[in-house]
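Encoded as structure tokens, here's the structure I'll be asking about.
Chain IDs A, B, C, D, E and F follow the sequence of writing; residue 1 opens each chain.
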Amino acid sequence: MENVNDKQMRAHILAEALPYIREYNGKVVVVKYGGNAMINEELKNSVMRDIVLLSLIGVKVVLVHGGGPEISEMLKKTGKESRFIDGLRYTDAETAEIVRMVLAGKINKALVDRIEHFGGKSVGLCGMDGHMLKCEKQDEKLGYVGKIVEIDAKVITDALSLGYIPVVSTVGYDDEGNVYNVNADTAAAVVAGALGAQSLILMTDTKGVLRDREDEDSLISKIYVSDIPSLVKQGVISGGMIPKIDCCREAIRRGVRKVFIIDGRVSHSILVEILSDSGIGTMFVNGD
Amino acid sequence: MENVNDKQMRAHILAEALPYIREYNGKVVVVKYGGNAMINEELKNSVMRDIVLLSLIGVKVVLVHGGGPEISEMLKKTGKESRFIDGLRYTDAETAEIVRMVLAGKINKALVDRIEHFGGKSVGLCGMDGHMLKCEKQDEKLGYVGKIVEIDAKVITDALSLGYIPVVSTVGYDDEGNVYNVNADTAAAVVAGALGAQSLILMTDTKGVLRDREDEDSLISKIYVSDIPSLVKQGVISGGMIPKIDCCREAIRRGVRKVFIIDGRVSHSILVEILSDSGIGTMFVNGD
Amino acid sequence: MENVNDKQMRAHILAEALPYIREYNGKVVVVKYGGNAMINEELKNSVMRDIVLLSLIGVKVVLVHGGGPEISEMLKKTGKESRFIDGLRYTDAETAEIVRMVLAGKINKALVDRIEHFGGKSVGLCGMDGHMLKCEKQDEKLGYVGKIVEIDAKVITDALSLGYIPVVSTVGYDDEGNVYNVNADTAAAVVAGALGAQSLILMTDTKGVLRDREDEDSLISKIYVSDIPSLVKQGVISGGMIPKIDCCREAIRRGVRKVFIIDGRVSHSILVEILSDSGIGTMFVNGD
Amino acid sequence: MENVNDKQMRAHILAEALPYIREYNGKVVVVKYGGNAMINEELKNSVMRDIVLLSLIGVKVVLVHGGGPEISEMLKKTGKESRFIDGLRYTDAETAEIVRMVLAGKINKALVDRIEHFGGKSVGLCGMDGHMLKCEKQDEKLGYVGKIVEIDAKVITDALSLGYIPVVSTVGYDDEGNVYNVNADTAAAVVAGALGAQSLILMTDTKGVLRDREDEDSLISKIYVSDIPSLVKQGVISGGMIPKIDCCREAIRRGVRKVFIIDGRVSHSILVEILSDSGIGTMFVNGD
Amino acid sequence: MENVNDKQMRAHILAEALPYIREYNGKVVVVKYGGNAMINEELKNSVMRDIVLLSLIGVKVVLVHGGGPEISEMLKKTGKESRFIDGLRYTDAETAEIVRMVLAGKINKALVDRIEHFGGKSVGLCGMDGHMLKCEKQDEKLGYVGKIVEIDAKVITDALSLGYIPVVSTVGYDDEGNVYNVNADTAAAVVAGALGAQSLILMTDTKGVLRDREDEDSLISKIYVSDIPSLVKQGVISGGMIPKIDCCREAIRRGVRKVFIIDGRVSHSILVEILSDSGIGTMFVNGD
Amino acid sequence: MENVNDKQMRAHILAEALPYIREYNGKVVVVKYGGNAMINEELKNSVMRDIVLLSLIGVKVVLVHGGGPEISEMLKKTGKESRFIDGLRYTDAETAEIVRMVLAGKINKALVDRIEHFGGKSVGLCGMDGHMLKCEKQDEKLGYVGKIVEIDAKVITDALSLGYIPVVSTVGYDDEGNVYNVNADTAAAVVAGALGAQSLILMTDTKGVLRDREDEDSLISKIYVSDIPSLVKQGVISGGMIPKIDCCREAIRRGVRKVFIIDGRVSHSILVEILSDSGIGTMFVNGD
């Protein structure tokens, strides 16, 4: 049994969450979940508990997830050889189907199970449900890599209105019955836009945007989207960070108020971000 | 363009559906979908269109599906060797996971896609969603073959209340995060009971219960559950039919009004059954 | 008991109704019912069953009826002599009252009874109910022949919202307590417009508009309202057909999407029309 | 312009209505309307205004009407000779139809018109609407004189729930499509019972129950149903009053709280009755 | 027991209230209650009964009250000496607190008690509840005399929507936790405007606006706001009447349809005013 | 700006609140607020923030308050001399009125203002509102000290249903218009019982029940109501604590699940109690 001082400190800290709880009450927050936070079992439980907690304090949380390593593993197991074109994996119909199985059948339902386990109500969805994500090929030579051409978020808002935490796998459909693998960051931005979300949180394996990549203390807390081009020019944003940042910009363009890139390797990083102005990662907002 | 007589005949036939439409209006019908009707692409489309049609004429349809051959195929592909104990397949955790992937990730979402394609609203669920199907091991030596110990059908009734056609994969959960493979017939009976369904329809690869297995014309149209024991004694019900009939009996015991065993190989067999008193398969009812 | 092939054919035909059911689901269809379909008892039952069926498959049907021969018969019985002015019957107050009695007291309530008999929910209304149809004299010398000057369709939409099939007699009121006889075709067009109906169906004793009146095979399936003047000029539309076509045009002008002139003598002609693109009568639509 | 004292007296009187308004707020009151109050045009307007007023102060009023003289008049006009058996009019199918026309087509809709004219919302119903009054022959030799064997008051409660004042003609239906003439007092009692009415008010051409028929001052204000037999024995209740009193007793038996016999020839007699404990007529209550 | 003639006259008078009841049904009426009507116990009960009656006949009444003499009395009791600046009482924080206690703690809750006693449902509110009346100092030298800078009437409309009669004390808040005394007439005008009231009724100790202050018969029944300036010029409106009239004008400017100055010393004056076109006081309307 | 470790610790602590938030989500908690927590301005703000926080995380909080010192102060100011009978203060009508003013007019509305200030929605009520607390004299010789004889909690549940935090002053009414001073602890127990509250929290100026009054470490964390008599016998519960404990027992008897006596002098003591099983005070539960 903890002593009185501990309890008081806890109460004190909870009490200080008031303004943040007030800000997010009744608002939609889309969390893009991926990377290490998804592989480490302890971190996963921690994230799912945070999601349930946000839901209980009145935030309408939507969880969008990717599935990197588990997809590769299953492809390997089934003997599918990955073919690369200009460094990008070619996705044939069979691969797209395996992606769907791993995402919508394994990862998604396991996340739903965890959320329910911690006391939330949850339902697992993918782009087929309610014909949510209509796609076409992004580039003919990449096969069934999908570009979202139409989003119908009604199945998500229906779920939210009944108190469920929707977990979304980013696979898409088209009118011919094909299955598409959609980039999870991009899909999360599109979903957040369609829902008029207050925030989109991208969980990554980085600390956020660093002014000097060698110096972990050089984190930029807040970036106006209008400053992105010059940051790219300066080389602050480069390499694998560029598509992530494009995705932040796209979400803002679609009306999301704040987009966060946070470090999923830090436990409770979502709560940290939701509970402070400055946060621990990088926040993108409109304006200049 | 068809001629007037054809049109009239069509209209005439549609007109005659009136009493049946009236009977099922607003009622829940659970369809257990499996076997050949699921493999043949044309039959599949036909079944999905029938489901949408039933939904549009006011029936609350729930589709429960199995997945036999595709599971075996995927197990083979991934090099999982099936071990049999007393003739029953042993299901280790990895196999259970593959079952979930194939059912909830592939078959389920493909069915949802078809229903949406034909104009229905649909959402794909499994036993994890809303923690619907809580299981324990049916028999320790069979591994993760699940016996349902608790059902919470709220996620299904929520979906029905918003006009969705729920498609249900029969995998279950437990408090330790395990995945269970649940027999689809049994699960359909449990779900139908929990929903207070008017009818449960089991689509099979047989014509129904035949008095003489060699004579297709000896179909028994209606069986009172109290007559089952004597039919078993007489050998009319035997072999693989016994578990199916147990499942019919269980559904009736749980309050379902009528249970049908119909031939899924016949196109529109669901509509045929819903549109006639006698039907084309075997109907089980309470009483004697 | 019918054989399996018959049953299958039935199911097949029902299955093919899917796209049409989908199109009309939740939409308002106003049926103007009159002529032979109203006199022949068998046809009447057939029409009422069709109405109930449309209602059960989600169409919001409103039935507007006339009453020709029964009015004449009652006038004769009560010894009222009909006076004609320029070939049109003069309607004094007593005649208008008899019209109301026959329409709202006899025909209307008998139709309501039939609809209820076949399993529908129905309520009989006239222009007085909810002060729906406010009239003034169309022409002083014709007496109480009403021209609708104001429509308040709330009593109809209230009935539809509770699942009733409203049956409407076309008699109107004014602020002095007078009763007006209103032409049923015209009233149906006004009602359909006020309800934002998807379709108005006029049941007549003709096959539709024929290019050559002598040739029953010369039916024109589709007419754009902009083509009406030239069809009148050519004499294709002439005589008693002219007011009917004016009424079609008026309905389209008031926002009804499609107006049909169909042959009420053909059984299930409403279903035939609702179940096919071309139909058996003549369809009027906007545009050219 | 009236002077201040007048205005104040008016206000004073309105103010005193408070406890009565409170008692009836949200309650159902069924008014059986007939006799002289129905023939005299001025009285009719006065009754309809009172009905609208009751409705505006929160009473759920249902108006049930008869139609005596107008039915006879129409029968005469159409040359139907009335045949009497044991002093009761024989009702053949044609007569029943004329009754329906006069009641549901003429009187009912004229009342609806008046109510709407004075600012109420009203809808005219009969026993066919919503299959409200199911009948069988009361006595084979009287023809289509109906005895109510089943009442479904849903169409009335639906109308009340939407703020309408339902006006009800007492004609009934059976499964063969026959029309029945039902005694309006009896029907009003059955309707009031089915609605769980607070009060049933029977408007008559008498002052109420007089202890001495020759002395108008001998009015009995309140009668317990248990006292009726002795009043009949004493001859206080006799002749044409007996069926009326039977009807009061029946209404009480079906759960109506208070039944009033009031003098419809006195203007605003309904308001008088609703506004005072003793009232101007005779009140029947349960108990002894 | 009163005689029949009396009862009839009562009924007659009640019946004549119909058009007025119709006009105010479902509308908001704000009553500013003060002066002698508030001090005289009998008058108070009469006003509260009238309020309940209006509420029962469908008017949404809001009662705004002042508290003149009781405030002075309490200030005297507590030994607070009133300081006057330019003839206006200086309100320090302590005085403002005493005002709040007397208004919101004594008068308000006593009125609520009376309304409940006469059968209404009531809840007592002040400017703090739902942060309804945000104030700032009207004039620094007067201390905490409040000018309303923001009104949030949601707490009132919430109460009305649940059937309560809100009783409102006119004290205001600011962000620093100060208490303000707000002029009740002004507050009533602001509240009426925010509620889109049909009428604002100011109960005063005068007969209304008199053309000749010496002649009680010279009451002006109706004044267009555009005529106010010339009436001021002529000296018809002068002295203590000027702020009252400013308040009427302000209410009209904020969208209130009719504002009445009535004599609260006359019993049932509210009912008198609501029940006649001309009324007993002076009515202000827009236009000229 | 705090450092990352601090933020993480905060997040960690918030995360641990999950099971408690889950337990209280949607439940009613009645907080009896009084003593030092009410006098110290800083503590008051802290309590109000905690209340708002509980409300935002889905707890339906009702605040019941007393007013000790401020009442005495006002009585003194107005020169009312307190008369004591058997050590209890005699409450004449004037005193009761002053109590109401201080409670319902000053303290209540100031608390409402604070709650609104911190982002909650609040409304201030007393026993008159919705005629919530009907009283009679507890003991004739004590004057208007009220014993609650009837509670109608509808005005509280109405407020909760619309998202308000009701603040309740414990003054009562009777049918003669008298005002009663009701003991706040007792009233809180009655209110909690009527609301079917999950918990009643009594804020006091003690640590809870101590086994040895001299030893602050001898706090008893949990007491079964069946153990109270023996604790009284042992002298553990004695003096001023006895009425408090009676009140706990009464609340449990009325169906409240848990009653807490906590130390209001410790900041955030409510949160501490709601966030831990053992808590910092003494919990009373049913059973033995």
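We adopt the following convention: a residue touches a chain if its C-beta (ideal position, glycine included) is under 8 Å from a C-beta of that chain, and two chains touch if they have at least 3 such contacts.
Keep in mind that this is a model prediction, so the values were computed, not measured.
J.: If you average the CA coordinates per chain, which chain's centre is most distant from that of chain C?
T.: Here the answer is chain F, farthest from chain C.
J.: Based only on mean CA positions, could you tell me how far chain D sits from chain F in angstrom?
T.: 56
J.: Using mean C-alpha positions as chain centres, tell me how far chain D is from chain E in Å, no decimals.
T.: The computed centroid separation for chain D versus chain E comes out at 44 Å.
J.: Just the number, please: Cα centre separation of chain E and chain F in whole Å.
T.: 36
J.: Which positions in chain A are in touch with at least two other chains?
T.: Touching at least two other chains: none.
J.: Classify the chain contact graph as line, ring, star, complete or other.
T.: Ring.
J.: Applying the document's contact rule, which stretches of chain F touch chain A when the two form their complex?
T.: Residues in contact with chain A: 1-2, 4, 7-19, 21-22, 25, 46, 49-50, 52-53, 56-58, 118-119, 266-269, 271-272, 275-276, 278, 280.
J.: Under the stated contact criterion, what part of chain C meets chain D in this complex?
T.: Residue list for chain C touching chain D: 74, 77-79, 97, 100-106, 108-110, 112-114, 116-117, 121-126, 128-131, 155, 158, 162, 164, 171, 173, 175, 177.
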